[in-house]
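After this come two complexes, each holding subunit A, first together with subunit B and then together with subunit C.
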Partner chain A sequence: MKIAVLSGKGGTGKTFISTNLACIADKATYVDCDVEEPNGHLFLKPEITKRIPISVLVPHVDESRCTACRKCVDFCKYNVLALAGDKLMIFYEICHSCGGCTLFCPQKALTEKEREVGVIEEGVSENVAVLTGLLNTGEVSGVPIIKHLMEKMPKHETVVIDCPPGSACVVMESIREADFCILVAEPTSFGVHNLTMIYELVTLFNIPFGVVINKVLPGENPAQKFCAEHKINILTQIPFDEELGRLNSKGHIVVDESKKYRKLFQELLKTVEGEVAK
Partner chain B sequence: MKVVVPVESKSLETPVCPSFGRTPLFVLFDTENKKHEFLNNEAAASQGGAGIKAAQTLVDSGAAALITYRCGENAAQVLNAANIKMYKAQDGTAGENISKFIDGKLSLLTETHPGFHNHGGAKG
Partner chain C sequence: MKQLLILSGKGGTGKTTVSSAFIELSKCQAFADCDVDAPNLHFVVTQMPESEKTDYYGFQKAVIDESKCIKCGLCEKTCRFDAIKDNMVGLYECEGCSVCAEICPVQAITMTDHASGSMMLYQNKDTVFSTAQLNMGSGAPGKLVAEVKKRLTNAATTAKMAIIDGSPGIGCPVIASISGVDMVLIVAEPTISGIHDMKRIIDTAKHFGVSCAVCINKFDVNEDNTKEIERYCNNLKIPVIGRIPFDKTVIGAVNKCQSIACYPDSPAGKAITLIWDNLYYNYLKGGGGNAGTN
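For the complex of A and B:
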């Protein structure tokens, strides 16, 4: 069972929910797909067993063969290549690794070479196997790293995927393999705006889902109202609780420290398992 | 020599376009015969790398100078490789800027920005 945890913006509690859900399971794999700022490891503190460099293929020019015919420049829709006089310039960082330029080069002056964009760390934290994607600073897209993370997920185990915030390419790549999505939202009008974005996304992907409303205070709850209006299943609501803030700020796993929340997460996992079995 | 200015419409009386890579048009002015023509900027609709493609258009036009408010790092690399000098645009029309350029009143653009990659609507 693969559970993806996503939200329309950062700071709603994706990592809080993902790490605690992974820890409450008998055995689980936690996958941090928030490759620009992975922070699940701050709570799980895994012992790193392996570091795997992740590369993408980009064009490399053999200047002695290039005749400045500019077929590659005209072909590339991402404008990776430019020709100044007879000098071919390559802007690797915006290359989408399609390989087209190397196929079109009549002189075989272009070949593909590997360029490292980040690493995947494999580690263990008690009953949780941890996979962390780390994108190198300054890189444009985390998609190649997330693709590799998806390939590394075990097939028949509980997997919790901690997604990047928002609803862009990196999130789509992170939820592609999921059996169920947990949408984390805040109980505010702003929260509803962000929830709407990911609600539309998971609906488009046709993945079963439910909502967790986090940081709930007594009184108005626009996110709850939105869920009622759209007949969306609310899996649980987590209060805006000083105890949680304190435990989180110390980097603790809440289910290890609090009986109340241990029960809440046990029930959440059970609810999700029930939904997936449907 | 030929000098290029990004403009939003086909007139020398329009202001200099604030964007280099995504300007709809360039005006190419020949300082010798005082004639000008307009070039479409095909890069304007690019998903990414607009600055690089716009710079390529300038290289292909045979221009020796560019007057612009700003320029991204990648585009600047292409322009530098082709020895196209960049000058800082001043408030006013494209025509006024060209006159100031001819009179030697524009200074070189020395600062380039890291680009607006994935922050201008395009998504990776």
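For the complex of A and C:
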């Protein structure tokens, strides 16, 4: 069973929910797909067993063969290549690795070489196997790292996927393999607007889902209202609790510290398992 | 025009809260929301007239003409994005590289324009607000961010300063938003995630040679971590220009679509006013550019 945890807005509690959900399961794999700012490892504190560099392919020019014919420059849709006089310049950082320039170079002056963009760390934290994707700073796209993370996920275990915020391409890559999505929302008007985006995304991909409303205060709850209007299943609501904030700020796993939240997450996992079995 | 960009690395630390307060306090005439994935600034900017909405065309998408296709499978084999299956192009997978169109032996594939978001420009007599919304599942957020900024600078020709609300993370949209700004203000949060992510966004800003300053939001949630942030920044000679206390007035203001600057006597409102004054008089007004020597 693969559960993806996502939210339109950042800071709603994706990592809080995914790490605690992974810890409450008998055995689970936690996958951090928020490769720009992965935080799960700060809570799970895994012992790292393996570091795997992740590379992408970028063009490399053999200047003795290049005739400055411009074929590659004109072909590339991402403006990776440019000619300065008759010298070919390559801006690797923005390359999408489509391979077109190399494939169509009439002089066969271009070859592809690997360029490291980040790393995947494999580790263990008690009953949880931890996979963390980490994009190097200054790099543009985490998609290649997320694709490798997807391939590394075990097939038949409980897997919790901690997604990047938003609803763009990186999120789509992260939920591709999911059997169930947990949408985390805050009960504010910002929260509802961003919930709408991911609600449309999971509906489009036809993945079963439910909502967790986090940091609930007494009084108005526009997220709950939105769910009622759209007949969306609310899996649980987590109260705004300063104690949670304190534990979280120190990097503690809440289910290890509090009976009340241990029970809440046990029930959440059970609810999700029930939904997946449907 | 001086450009101030608000970033955070981690999401939900208070970028929009800080940006919207700065816009209000400075009576800013040019501002933008570059969080094209989950824009929220337009909720708080309520006094502007209806926006002018324009489709955003990102990268093109490949389309296969079935009547010409000979089903040779060459496109599917060559596509690096696994975007072609059974002679059909997946809209969400295609990144518009056009390798398939070039390699097709019977010219059955054409590249076509594809709207992947909308851009909104709000304007009144003396103020311009540029924002956008990327369609879900779309790529190329960086290109859209660049477009949002271009529309702002083109429309706000007389404004002396622009305030730009950024997106979380350190990737494509963040990098696009950093380009050309005079200063980055990082809104940090005193949690272990907040510290970790602040370090990565500082690295990113440095990588692109932009000076930065830091303010700490909800500083009283964990004062040890707040001191850790201040120590870290002092070592890098990055100015920490203020602390904002945790204040439920902010949540109330958000739900009423108001800026916290509308509550000048609230603890958070007071703190943000001080931060703005510090930032404006010491770093933005006049020469500026003396923050955070990189």
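Odds and ends about this structure:
Following the convention adopted for this analysis, the second predicted complex is superposed on the first by the 278 of 278 C-alpha atoms of A that agree within 3 Å, B and C clash if a C-alpha of one lies under 4 Å from a C-alpha of the other, contacts with A are read in each partner's own complex, and residues count from 1 in each chain.
Going forward, contacts are C-beta pairs under 8 Å (C-beta built on N, C-alpha and C of every residue); 3 or more make two chains touch, one makes a residue touch a chain.
Owing to the predicted nature of the structure, the values given are computational and were not obtained by experimental measurement.
In the superposition on chain A, A:124 contacts neither subunit B nor subunit C. By the touch criterion defined above, A:87 reaches subunit B but does not reach subunit C. Of the two partner chains placed around the shared chain by superposition, subunit B and subunit C are both touched by A:168. Of the two partner chains placed by the overlay, subunit B and subunit C both lie in contact with A:141.
When the two structures are aligned on the shared chain, A:48 is found in touch with neither subunit B nor subunit C.
Greater residue coverage of subunit A by touch, when subunit B is weighed against subunit C, goes to C.
By the touch criterion stated above, A:77 is placed in contact with subunit B and with subunit C alike.
In the superposition on chain A, contact of A:228 is made with neither subunit B nor subunit C. When the two complexes are overlaid on their common chain A, residue A:197 makes contact with subunit C while staying clear of subunit B. Judged by the document's definition of touching, subunit A residues 77-78, 140-141, 168-170 lie at the interface with subunit B and also at the interface with subunit C.
Those residues of subunit A that touch subunit C in the complex are listed here as 8-12, 15, 34, 36-37, 39, 42-43, 75, 77-78, 96-100, 103-104, 135, 137-142, 164-172, 186, 188-190, 193-194, 197-198, 200-201, 204, 217, 220, 222, 245-246, 248-251.
Subunit C meets subunit A in the complex at residues 8-13, 16, 37-38, 40, 43, 59-60, 78, 80-81, 92, 95-99, 102-103, 134, 136-139, 141-142, 167-172, 174-175, 189-194, 196-197, 200, 203-204, 207-208, 221-222, 225, 248, 251, 254-255, 257. Those residues of subunit B lying in contact with subunit A across their complex are 43, 46-50, 52-53, 55-56, 59, 74, 77-78, 81-82, 117-118, 123-124. Residues 73, 77-80, 82-85, 87, 89, 91, 94, 140-141, 143, 168-170 of subunit A are the ones that touch subunit B when the two sit in their complex.
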